[in-house]
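The structures come next, written out as structure tokens.
Next, two complexes with subunit A in common: one pairs it with subunit B, the other with subunit C.
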Partner chain A sequence: MIRLEDVEYFYPNGHKALDQVRLEIEKGEVVALMGENGAGKTTLLKHLNGLLKPTRGRVLVDGIDTRKATVAALSRKIGLVFQNAEDMFFSSTVWDEVAFSLRNFGYEEEVVKRRVEWALKFMELDRYVDQSPFVLSGGEKKRLALAIILAWSPDIIALDEPTTGQDQLQKEKLMEMIKLLNMQGRTVIISSHDVEFVAQLRPRVILMKKGKIISDGGAEEVFLDEEVLRSCNLLPPQIVSLTRRLDFLGIKPSLPHPRQLAEEILSKLGEYKI
Partner chain B sequence: MAAIFQGLQFYPGKSIVHRLDPRVKLFLSSALLITTLLYLEVTVTTLIIAIEVALAAVSGTVKRWIRTVYGAIPLIIAVFAMNYLVRAFQYSGFLNPMGLYESFAASYRLIAFLASFSIFFLTTTPEELGMTLTKLRVPYTYTFAFISAIRFTPILAEELQTIMDAQRARGLELDRGGPLARIRKYIPVLVPLIVNILRRSYELAEAMEVKCFGASKKRTFLKELKMTPKDLAALVIIAVFFGSAIYLRFFYPLRIP
Partner chain C sequence: MKIIEIEDLSFKYSGSSSYALKNVNLSISEGEFVVLAGRSGCGKTTLLRCLNGLIPHFYEGEFSGSVRVNGMNTSETPPYILAQVVGMVFQNPDNQLFALTVEADIAFPLENLGLPREVIMERVEWALKTLNISDLRDRSPFELSGGQKQKVAIASVIAMKPKILLLDEPTSSLDPLSAKNLIDSILELNRRERLTIMISEHRLELLLPHAHRFIVMDRGEILYDGDPRVILKDDLLIYGIPTPRVSEVARHINASRHSLFTEIPLTVDEFVDELRRCLDDKARGC
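Showing the complex of A and B:
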């Protein structure tokens, strides 16, 4: 469980990046942090594994104050995948890249071998074991970044802007991955301004603006509040806008699954008897 | 370590130092630098640091200036250690007061040394810097390379931080282990950084070619540098001080600590 108690954070240049953030994330939740660039999403994520320590207030991960633990110790619980995967690649092979983190955490060589193989297979990268991470495609690099973190199997997985630069197919795979990880009982936290992606994922949505949490609730609840969304420079998902225009059919504004909405439209149209 | 670069980054301001002709400032910084190199005496170094602090105060950049010095502490300690070791052999003894004094003077001098150009860079826009170098007849290709290096420094410092964060999130503990182990631990940080620098330089080169860099041999500038009476006055004052510093060093050596 993650608990942020009135967290405030100032960058060394004096910029206030987090302002009175009060937040609790239970085990097994899927959470999306949303908001425009500079709203504080990444800053918040970096507080979870102790890369940043709160200026005021405190962050508790499973009851441990992040100020009293090392980043390495916290990272075993929380795997943070950075936005730009290339910022972490340095090894000559994909295999070594994944093994590096496991060795840092002091796993036995036997376990390292087993886990690397598992993680690469899981992310469908096993055919690249002997290749350089730098020759992978953009999508594969993102997958490798995730494989690196999954290898040590942290309970909480935080993904910073996982959908940027990904095509639709990759996004769908990512969505399945998140759902799968969640089914295994893991907490998944993503930061994103990809409204369509988040609408499809239907997580708990936390809207941030200028370092403050301004809205926190189910995806439907948050996405129906158009005024608050717009104040964060976000547009509601297309499907929500569509339901608003289908008022004449007696359809209420909501965040339905596309198929579910299609069926509803068909059944309503049936009443018209064209 | 990244803090040391902050002293090379321009911050806008309207102080007297900011408004001074960049050529005068370059002369000022060079004069301070050369004087620092000429004297090993702690008194002179202190005097120079005092002048530098005063200049930083006038230009309102004291905080950043201090951060530069702060960031240089590892370097200063390294210089002290090296000097101390060498002098321990020279004077055959680790507790020789002369050895201690000279090592202190050498590392103390480093502060004045680093700070001298920090004042120039903190108060001069990259554009002015370019104009200064052009006036000094440096070919524009080199001037441009120099300006971009300065412009990209803060970006690289930020990138360095991100990479360090990313690797720490993978369990890399940079501040653990012996000195050799620690150096080895920087490989995972340096490789992505160098890759990023190379990629960025290719991108910059392409962007420049798209914009026809070097198509015309003679460059013109939107603003031209002009010396005002104030600049000339400053120039004369600096020249007098600098001249007397050189005179005292070579023709009338002082007997001060």
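Showing the complex of A and C:
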């Protein structure tokens, strides 16, 4: 449903931000774009809803060439939540902020009301309806940005660095939400360098470096390749590093759930009668 | 000597209906490395602002209790005096950098203090060298990476030779390797320069192994204050605290094999050492 064909993108200053990117994402996938700051993750996300158009190659969303569609039309299919949530805000109240795009899409006021209420409640922002979006805390602003997108319910949801500045409880909620959206059949694409978060989510992981895709596979496969991770300024998840040190118990490097690893260690200790 | 002493501190921002800090008592010794954690909005940033005098001097509200740093009462001491004892680094380094070169950025507050030229040059050299960024001296702060910017922000603060360094989520926008790099520099400042450090962070796996003290806040109150290896025996997710994955594995093991781990390990090394010790004890027939 998303197809990037040999996409290259040059910023006006001549910087090549995407280099020969070839990528297909199927409906219902959860994908994490990872890599250091400046690797091209955000640039790639902005190509999906047509905010940026490829200098060479093409981007197809549901078969539509993004160069031939408006951002408004693409936005019905794909919602992008910016890294800096504030960039999305301009209304004087939290309520209007969420209602704005729904009204723009031409929904009836009754529907707008229901959707805004639902989205704000889901993101636990309902007590702020009359406040200015700009006085919210950093974590709340991020949730509001997400509520804006959720309200119109696009099939593809792209989140740019959603865990930045979020505490662990908010991260767990975000994880649940991504899983819920995915269960509804939606495609979720995030960019992140939060290795621990992505390790827990276990999506398809795409590593980017200097505008190129250098690795693409399951979370375990990618996170076991320490050399490639380091070349992207990423560290392996702690639990992978732990499994690498447990060969004296006969445990192989992997990306297990902590409970799973605990059971494996206990059973090995059992063999040693400890 | 206690370098920070807080007694019965409460604070409510004007216009807010609830207290951001409630009856906080805390004392910190010189040279301690303190990690502060808790949910967003739990009062971490407010507490840090009370230590450098931003509260009550810049933020209006209801303030009660007392805060002393290096013996000075923050309510009665003007912020520019406090700034020579307490330095603060924020989440977003862009808010702290403004000069045309890294060198000028570090020198600026020293020039404001009216220090002699030789002293300023000496301090700038020292700060650049301590953060290992001498090669960035002539660069513009705005063309640097996030991690480099944050190091420049720290350099400009420590050039004032403060006794206390406060850091408010300094790694939140950095990639993991840059974050590790920055944290290593901060640890060095504590070890080599004996700087008292108080750092608020969500990324705990890199910090906690080195913390002398771990403070967990919720709704403006201090809930836990002590050794992280003891505190993390409990699951603190409801307070927004992530458990390092190795600690979680150890906790699961302890749940079925009571106290195989006497202390909760925070790093891979600690985990492996403890497990090997168990095996060796067994081999020796203990």
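Descriptive notes on the structure:
One rule holds for everything that comes next: the second predicted complex is superposed on the first by the 274 of 274 C-alpha atoms of A that agree within 3 Å, B and C clash if a C-alpha of one lies under 4 Å from a C-alpha of the other, contacts with A are read in each partner's own complex, and residues count from 1 in each chain.
The definition used in the following text is that contacts are C-beta pairs under 8 Å (C-beta built on N, C-alpha and C of every residue); 3 or more make two chains touch, one makes a residue touch a chain.
Bear in mind that the values here come from a model prediction, so they are computed numbers and not experimental data.
In the superposition on chain A, A:D96 makes contact with neither subunit B nor subunit C.
Touch criterion met: A:E196 reaches subunit C, while subunit B stays clear of it.
In the superposition on chain A, no contact is made by A:D65 with either subunit B or subunit C.
When the two structures are aligned on the shared chain, A:F134 is found in touch with subunit B, with no touch to subunit C.
Taking subunit A as the reference chain, the count of touched residues is higher for C when subunit B and subunit C are set side by side. Those residues of subunit A whose C-beta lies close enough to touch subunit C in the complex are 36-38, 137-140, 164-172, 193, 195-196, 230, 233-235, 237-239, 241-242, 245-246, 248-249, 258-259, 261-263, 265-266, 269, 272-274. Those residues of subunit A that touch subunit B in the complex are listed here as 46, 49, 51, 70-72, 75-76, 79-80, 82, 84, 86-90, 100-101, 104-105, 134, 148-149, 152. The touching residues of subunit B, counted against subunit A in their complex, run 159, 162-163, 165-173, 187-192, 195-196.
By the touch criterion given at the top, residues 38-41, 91, 145-146, 169, 172-178, 180, 202, 205, 237-242, 244-246, 248-250, 252-253, 256-257, 268, 271-272, 275-276, 278-279, 282 of subunit C touch subunit A in their complex.
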